[in-house]
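Take a look at the structure below.
Going in written order, the chains are labelled A, B and C, and every chain counts its residues from 1.
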Amino acid sequence: MQPLSEQFELDTRAGKPAKDPSATIWRWLQYAMVALAFGFLYLPIVLLVILSFNESHSFGLPLKGFTLQWYREVLGNAAIMTSLKNSLILGCASAAISVALALTLALGFRANFPFKGLLLQTVLVPIVVPGVVGGVVLLLAFGYVGLPFGLFSTVLIAHVNWCLPFAFLTLYPRLHNFDKGIEEAARDLGASSATVFWRIILPIVRPGIIATLLFSFTLSFDEFVRTIFVIGSESTLPIRLWAIVTEQAQPFLPALGVLTMFITIFISLVGQAIAAKSATRNGSMKSQ
Amino acid sequence: MKSTAMYKSEYSSSERAAPASSPSAPMVCVDGVNKWFGQDQVLRNISVEIKDGEFFSLLGPSGCGKTTLMRIIAGFEFPTEGTILIDQRSVVDVPASRRPTNMVFQHFALFPHMSIEKNIAFGLEMKRVPRSTIATKVKEALALVRLEKFSGRKIDELSGGQKQRVAIARALVNEPKVLLLDEPLGALDLQLRLQMQGELARIQRATGSTFIFVTHDQAEAMTMSDRIAVMDRGEILQVGTPRDIYERPTHRFVAEFIGHSNFFEGVVCAGASINEYCPVSYDGVELVGRGAVPLEVGTKVAVMVRYENLQLLAAPENGRLVGNVTNKIFTGPTVRTDVLLANGKTVTSEQPVSSDAVNLGVGQAVGIHWTAANAVVLNS
Amino acid sequence: MVRTPTQDQLLQPLDQAAFRAPVKRLDAKPLFPLVSLLALPAAIWLALFTLAPLLLTVVMSFWKSTIFGTTTTLSWDNYQRFFSDPLYGRVLLKTLRVAVLTTIFCLIVSYPVAWYLASQNVAKKAVLLVAVFIPFWVSYIIRTFVWLPILGRTGVINQFLQYLGLIDAPINWLLYSEFTLYIGLIYVYLLYMLLPIFLSLDKLDRKLLEAASDLGASPFQMFMRVVLPLSTPGIISGSVMVFLLSCGAYVTPQILGGPSAIMFGNLIAEQFIGASNWAFGAMLSVIFIVVVLLVLALIGKKAGMQKIFLGQG
């Protein structure tokens, strides 16, 4: 009895499945676009890093030599360092306040109450208001009321205004989708509402809160266009950068840019580490 | 189709061993509870008493209100009208956290950020039980659900059955007067479910607590319960022991929901009171069964005969009705035979393989017969 | 206490009382449950620092500011000036045009990248995601500024093209033109488009594509009929974000745009930084907000805005 493959003249050699030529074209097209996009993204960054070591007395090409003087100059520049310190402190303060407000708001939204819809629309207002106007509106208000302009009065308010909607938008889904069964189980076992919050809800949403804190920090750290309208005589880092950039392009600017990049990288990596640790500790709510 | 208000079977003798002490006062008393969600009425005039130490099941299809009723007893919902007494104290204004009840949730609801011990200890911590006592009690609870070897494990390392046992331990360690179980075995596969049914029955006997068990699985309710309340569309249709419900359903829905039955739609020939023999006219033939409710002449009724009570006779002339065998199935321990009657209705009989039914052939003419005491006449 | 029905009751029709509405509800919920009070701090903050300043701005738009100060008498002067002088309308329309085009370009550039990212395995995806984020961790002022030595006459591109011999003299229009504006805006806001689209595509179940392929769909059809519709929430969310950010652009036009590329944000800022036309600036702000809201409302009617913002899309 002949094997089937011989009877019917089947080609039983193992081989690759037939390739669809149009799919291949699509794939290479996609690779090309992605490569171009990454090139577009990184060209300025690479140039920035290169220029930060450029031994030239003016900003930009041509490349003249390798030096670390710009890093030294930036780190030794009192005005820049002060503004950096201000931005860091302001970032922490803005993040803390925004997240506290956003968290309580998201918790309050678990119940139904009148004007809830209106409140939700209002939270989104600072996003909808275009950048400059956001600052202008506060400038007018503070000017009218006579509030003195300062880092921890007017600027802090402007930053919290900007961070709050984003903080709320990241926290709200997490709290909204929180498994009600766990909450009921805690209450069934005798926990008061306060205990349910501190022992059950908070530990589970803590990774989300930390992520939101970091996100708000970066929003505040990078904020410029609203800040410029309400700042007094002090500066944040972006304000100082703007002053330098608009007065005269200084050769140490690339070094300063690279430094700010590393600060933000550091913060983000810290955030990732905390998030990873919390994930393994808490387990996943989805496993139920 | 008329439906009757709640009715207690006269045949309430329990076939299971009664709990050691049966005090006269009920542990849970629900009286006149109505619940509306918006315009939607989900519970209608619910009144039921649950005895101390009883394994009581709420049985019904999805949407019948059994879970809502349980949540009202637990305190997660409040009735729109009516009173609830637990251990003879009204709890209508007592929140869930202060009721002497504990609940086992369908999807376990274990705290993902705590270990097994911390989960189980939670209720004791809320009551401010001293640390050393907590440790002992947690150990006992783990032993009760046979999870001693799992201490120290994290929640997401457990299987479904193990998680369910942790949930049970977490509830029972607080020694609640009433344990509420909301379809706790629904998320488990068949083999595990059967095993857990045995476990739950054992635990209930060991602790002597009152268990209220919600399920849509009638086999589950029948095997585990002392008494069952069958619910449909917000009402309790019948409360009774498994045997009562099975042999003496008072309501067509109950008869259809539990077990397998044949129904003969007819009209009452002569009035009868509860449990009296009642003749019913069906297609010119007189059928007899026991009345489930008082019946008047002319009422439209259905005569219910369970598969195992429907006997097939090789001599057709000896039966009340005649028909031809159309199908024969061996299920293993039984043989299930379908018979087509002259009027087009198909009835089914299920008899042990050891009986004569196994000798009937497809196409053979047979007679239909049953003992009148085994048939129930229900409102149609 | 439990009522056992009598024989007569069993024969009665269904209890009519069961079909009524409840007389007095034991489960009535308070209008403001205790939990909702938690929303109060944020509500107060928003009222004080978001709504009140906005209202003041609207009122102020009807005042008049001169170098001698601001008079509080109400008048339509500012608005009349806006509609009579074509400059303002032109800049406003141009700003909207730039914002829309920036959004479209961002979409075109980021979609393939988002798709590529979403198709990778978990490890590669994480690395690539970080790689995409890193450029955005540089302050956006510097990110805008760094295009000067790239697009300038002695910049990287001109030097490169001259080196290759493709051109003889440096190209002028690379810098300080509308082209530069687009490059700058797209570069600065790309992530805001890429991230939502990536998240949408990442959620896509690969099995859907397998099913479509099994049913005979070509890659193109799979994209148009499965991938694109399911990534729409991400597209809309990203587009709204980039549109809003581009409308409010101030730094990029100022640094890269040159005199011809002024946008409405710069125009408004001028009223406060250069001159002291506070009331006029207030009016411009009000008009800007209204126009932007109108555009959003038009899009919002087609998409479910609230759901997308809240991440349920």
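The working rule: contacts are C-beta pairs under 8 Å (C-beta built on N, C-alpha and C of every residue); 3 or more make two chains touch, one makes a residue touch a chain.
Remember, predicted model here, so these are calculated numbers, not experimental data.
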item: Interface ranked first by C-beta contact pairs; value: A-C
item: Reference chain A; chain at largest CA-centroid distance; value: B
item: Inter-chain centre distance, chain A versus chain C - centres from mean C-alpha coordinates, in Å; value: 15
item: Euclidean distance of C-alpha centroids - chain B vs chain C, Å; value: 56
item: Contact footprint of chain C on chain B as seen in their complex; value: 2-8, 29, 31, 34-36, 39, 41, 44-45, 47-49, 77-82, 92, 273, 293-294, 296
item: For the chain A and chain C complex, residues of the former touching the latter; value: 20, 22-23, 26, 30-31, 33-34, 37-38, 40-45, 47-48, 51, 59-62, 100-102, 104-105, 107-114, 116, 119-120, 122-134, 136-141, 143-144, 157, 160-161, 164, 168-169, 172-173, 176, 193, 218, 222, 224-225, 229, 237-238, 241-242, 245-246, 249, 253-254, 256-258, 260-261, 264-265, 268
item: Residue ranges of chain C in contact with chain A within the complex; value: 31-43, 45-46, 49-54, 56-57, 60, 109-110, 112-113, 115-116, 131-135, 137-143, 145-150, 152, 154-156, 159, 187, 190, 218-220, 241, 244-245, 247-251, 254-255, 264-266, 268-269, 272, 278, 281-282, 285, 288-289, 292-293, 296, 306, 309-312
item: Complex interface listing, chain B residues touching chain A; value: 74-76, 95-98, 101-103, 105, 107-113, 122-123, 126-127, 154-156, 163, 170-171, 174
item: Chain C residues within the chain B interface of the complex; value: 1-5, 7, 9-11, 13-15, 17-19, 21-27
